[in-house]
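Below, each structure is written out as structure tokens.
Shared between the two complexes below is subunit A, which pairs with subunit B and subunit C, respectively.
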Partner chain A sequence: MTVAAEGSPPLRIAGARRNPLLQSEAVQGFALISPTFVYALILLVLPILVVIAHSFWTQNYLTIDHTFTLENYRIALTEPIYRDLLWRSLYISLTVSLLTVALAYPIAYFISFHGGRHKSLWLFLITIPFWTSYLLRVMSWKVILGYNGVLNSGLMGLGIISEPSDALLYNSTAVIITLTHAWATFAILPIFVSLEKVDRTLVEAATDLGDGPLRSFLRVTLPLSAPGVISAALIVMIPTVGDYVTPKLVGGKDGVMIANTIQAQFGKASNWPLGAALSVTTMIIVSLMAGATVLVIRALQRLAR
Partner chain B sequence: MLERVQSERIQSDRTMIDIRDVTRSYGSFKALDNASLAIREGEFFSLLGPSGCGKTTLLRMIAGFDTPTSGLIAVDGQPMDGIPANRRPTNMVFQSYAIFPHLNVEQNVAYGLKRLKLAAGEEKRRVEEALAQVSLTGLGKRRATELSGGQRQRVALARALVMRPKVLLLDEPLSALDKKLRGQMQVELRRLQQAVGITFVLVTHDQYEALAMSDRIAVMFGGRIAQVASPKEIYQRPVNRQVADFLGGMNFVKAEIVEENGASLLLDTLGFGRVRTDKPKAFVRNGGAATLGIRPERLRVLWDNASAKFEVAGKVVERHYFGEITHLIVEIPGLEKPLSVTETNDFGADDIPVGAPIRLAYDPEALVAMAD
Partner chain C sequence: MTATRRFLPGWLSSYATLYILFLYLPVIFLPIFSINTAATPKFPLSGVTLHWYEDLPKTPALIDATWNSLIVGVSASILSTVLGILAARSITRYRYPGRRAINGLIMAPLVLPEVIVAISMLLVMLQLGLSLSLLTVVLGHVLVCIPYSMTVLTSGFEGFDRSLEEASADLGESAFGTFRRVTLPMVAPAIISSLLVCFTISLDEFIIAFFLTGTEATLPIYIWGQLRFAAKLPGVLALGTLLLFASFVLMTIAEILRRRAARRTQNEGGLYA
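On to the complex of A and B.
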């Protein structure tokens, strides 16, 4: 390097002087992210700004009245129907993320600690459900939970119930079951990654200091995998609040979620400002809930000491 | 522990760790091959050997992280088979220190005490005491990530000592430290061991570390224990070439056994002529040949007209300067390999010209016979 530089000093210095901007690390970094950044700006930030703007306007039959108003937010927050739907969505997404994390953790733990040489095989097997479309997977839950479905026939065959139950499908429980299954992989992967990062010597050290397997898990492995648990919970929670395909297919009228209403406002009901206000409200509440989840998990982590 | 610090160090011949015919196989590979050892109470014992010699395997089996394929390990008279690591009266200082990153120094040290459900004041007192023992007083609130390598090592030590184990196991505890700090920690570790009187078992591949700290050393090669003795005996009376070579430099000279009796050997060598040496305890004759060894620092340069009862003459072929000492490579007529000589620079060994004739004095006591 030095030799080459000595061989051509004028050229190098001239080059450096001509483009000091391009040499800067910050500029290079920005250049690297700019395609994604521009893409996100156009397809994410701008639409959100449009939605936020709409939420302060009023639908006037076919035209939109652009005078500033908070009326849409008043409706979104006080009308019982929207409030209930929002609560139900939050309840469903919170339950789904808790269940998913609880079910994903043992799987991730098994792969990470007992997967041995077959870790990649296990991870590969877990991604297999993604080979079929999400719609097909939801439909198959309909087949399982339906009136003449697999579960009902199975239970009848075993003589546990005498006639098919219709309590299995078309309610929020069906939505929770379907979503929990659908999001499992997204929870397993971050938890697996954080478990992989747990130094096994630390578990040995805990054992050496007198902890049995359960205690060392609760005091070392679990707290150290908290980042994975947090990301898994958020990855599941945030999109499920706004899910609208699943409730539409397996939710029935008892499983309708806020996103179905928002979709209706932008579609049939044709009240964009109200739909926008509902969207913004949901976004804010989801962010608050996500923040609260992080704080709760951190607090639990501290408790484990 | 404080009471123990003030009292005299426990010296006893009681066996603390009894290792009997322990073998650990992985398939057809034997990591440890029929090893037997008795480590005494209050002893600073080192397992020394190159990587892969089985020393860490043995340590981990004492700790309970590995189980012998056959054989028995007993700690303080109690057989350890079937007893999991968390119920053994041993504690370990890990090579990587294994400091819990989510806990601060105090919480790390108190980790094992939590389970004992001590009174709040008692736990705090013991943590303070352990931190004081390793000179970390006042750093209790530091986060584990804010510690230097030396400090992490002290935390690991305090965390194990606070449990008042019968045996403290140390897995290459100094290998991650820089040279100066390592020397300092060697002295401190030894002092600490003398103060608390706990049996220390140290695993190391650094012969100087083992020599400087231990009461006794077991030298291991390829899963077997080659020699167990005090540092001085290991260094001065190695049982074979491998042990001699691993513990610093050694000149090897081919020898013929002329006569062998209970206590001594009469050897014929080229260069050193006919010499009588002590017969090592573990000497097993293998044909008529043997090897005679002499440490480079036991050969002294004879200046001018000085003479000695035992001397060899030759020619300097190489000279290497090391500050306080000089290494000379000396060719001796009749010897197939030149001798390596270490001489202090007080009398000008660093000025001996290459090619100059030289005479070397030696003490026949320094000659050690080894089976071939």
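On to the complex of A and C.
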């Protein structure tokens, strides 16, 4: 009754006011976010544009020659040293993202499907180590894998090896282990979130229709959680390709990655344009690799169905 | 089939326990070796001592680095939380074109390689003629802290019931009064949580500080410098243990507050809906 009494006329007025109201809401919302937006523009977008610009210039001792050139890109892509570093960085970041996702999936599944009342406790336990200093976590791997380290002294104490092995530290395997540990949490969370969204009745339906637990997992749960797997893979792959601390501390000569060279171009070598070209090349290639990963996972998802 | 059903969770939970061990074990070695008498970190421990901790306050460079870290951490956490509040409020409260794109840009530092972010900022700061100092470190830390601040704050602001604010305005409260007496108490836990998260990130952050600082070192930069000397390792382990402990405590408080904030807005919403 009240609906009828309040009826159409006021509603039509509200409708007429609606458009300017919406516009003002848009203006208010935009005004509110603009300080943060401008901050990101000045300290993220502008700097990236400056790096891109630098990549087309040339270093002339202390000054920079602003004539356009692609020479830096030629060096970045064809000089064996940079090409090798780039390949190694891509190989390491791809391996690390596959490993972290493969190791993280069962635990995300466990928490989502069997976590019960303790779900949030499990999530908390998993996130805590991530909040400790990255530098310190890398340092602890150095302590573990070192010549006089935990693993060597432990294995010797158990009588498994007679003298310390120097094969543990200062190679790309050490870098992969350390990065896999450091990024574990980042992989678990997105997978967990997408598993939480999986409609449990679908899994039940599959079981009712005669699928065993493994089949219903492979054909229902796994494909439905693909978005989480994709974001987990990307969130690990892109940052790890440019990791600086881990290769520097545990990588040794064999584990040097592209970021160490980029840093050197801005430091000792003092060739900003080459450093800029290396950064841009790395970003473009890792984006391509990320795109390919997404396509592969999507294709697998379709196959599974 | 029921057998597999029963067997699978058992198998998974032992995997989960192993995984937690893998996550924690490396970190636990820092405190263990920080109380070891020998300078090399290996088993068996040669004896227990607090000697390395006692030496810490006697190192002037370390005291300076601690102050620098505190200054940077407090400034960065306040600035990024203020910027985070504005953005999170805008994202959760208003609908406008370009909202998703702007949000994506603000969150981008989370998924970009830190070295590239740091070097880009370094280039611009040098071009602008800014001399590198703790201020430039703060500016860099704010950029990487905002995404975390946003995550914490949006989860606190989401589900926030607008009718409460409208009710307050209808009952004659001014806009500021509404903000102070209705909005603020509801979101305060999320804001404090964001401050703690940002402070912890800034305290532990190395790469950006490493590139953007002048001569002043923050704690991670101090640690980095000490890592070159094998003899200094126990001191670094002791300092690292204290940092780990600080991060752990801060993040636990932040998490408790964030949950309380999320629960509060949802519960209140549920009550009045």
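Here is the rule we go by: the second predicted complex is superposed on the first by the 271 of 305 C-alpha atoms of A that agree within 3 Å, B and C clash if a C-alpha of one lies under 4 Å from a C-alpha of the other, contacts with A are read in each partner's own complex, and residues count from 1 in each chain.
The working rule: contacts are C-beta pairs under 8 Å (C-beta built on N, C-alpha and C of every residue); 3 or more make two chains touch, one makes a residue touch a chain.
Being a predicted model, the structure only gives us computed values, none of them experimental.
Trainee: Are subunit B and subunit C a fit on subunit A, or do they clash, once the structures share the same frame?
Mentor: Once both complexes are aligned on subunit A, subunit B and subunit C fit side by side.
Trainee: Please work out whether A:224 is in contact with subunit B alone, subunit C alone, both, or neither, and reply first, second, both or neither.
Mentor: The first partner, subunit B, only.
Trainee: Can A:300 be said to touch subunit B (first), subunit C (second), both, or neither?
Mentor: Neither partner.
Trainee: Applying the touch criterion given at the start, work out whether A:201 contacts subunit B, subunit C, both or neither, answering first, second, both or neither.
Mentor: first
Trainee: Contact-wise, after the overlay, does A:81 reach subunit B, subunit C, both or neither (first, second, both, neither)?
Mentor: neither
Trainee: So, A:209: does it touch subunit B (first), subunit C (second), both, or neither?
Mentor: Once the two structures are laid over each other on A, A:209 reaches subunit B alone.
Trainee: Return the chain, subunit B or subunit C, that is in touch with more residues of subunit A.
Mentor: C
Trainee: I'd like to know which partner A:121 touches here: subunit B for first, subunit C for second, both or neither.
Mentor: neither
Trainee: Where does A:167 make contact in the superposed view: on subunit B (first), on subunit C (second), on both, or on neither?
Mentor: After superposition on chain A, A:167 lies in contact with neither partner.
Trainee: Could you give the angle made at the Cα centre of subunit A by the lines to the Cα centres of subunit B and subunit C, to the nearest 10°?
Mentor: 90
Trainee: What does the superposition give for the shortest Cα distance from subunit B to subunit C, in Å?
Mentor: Superposition on chain A places subunit B and subunit C at a least C-alpha distance of 5 Å.
Trainee: Under the contact definition given at the top, report the residues of subunit A touching subunit B in one complex and subunit C in the other.
Mentor: Touching subunit B and subunit C on subunit A: residues 212.
Trainee: Quick one: which bits of subunit A touch subunit C in the complex? Just the residue numbers, please.
Mentor: 25-30, 32-33, 35-37, 39-41, 43-48, 50-51, 54, 103, 106-107, 109-111, 114, 120, 122, 124-129, 131-137, 139-141, 143-144, 146, 148-150, 152-154, 157, 181, 184-185, 212-214, 234-235, 238-245, 249, 259, 262-263, 266, 272, 275-276, 279, 282-283
Trainee: For subunit A, which residues count as touching subunit B in their complex?
Mentor: Residue positions touching the partner: 199, 201-202, 204-212, 215-216, 219-220, 223-224, 301, 305.
Trainee: Please name which positions on subunit C make contact with subunit A in the complex.
Mentor: Residues 1, 4-5, 8-9, 12-13, 15-16, 19-20, 22-24, 26-27, 29-30, 33, 40-44, 83-84, 86-87, 89-91, 93-99, 102, 105-106, 108-117, 119-124, 127, 139-140, 142-143, 146, 200, 203-204, 206-207, 211, 220, 223-224, 227, 236-237, 240, 243-244, 247-248, 251-252, 255, 259.
Trainee: So in the complex, the part of subunit B that touches subunit A is made up of which residues?
Mentor: The contact residues of subunit B facing subunit A are 63, 65, 84-87, 90-92, 94, 96, 98, 100-103, 107, 111-112, 115-116, 159-160, 163.
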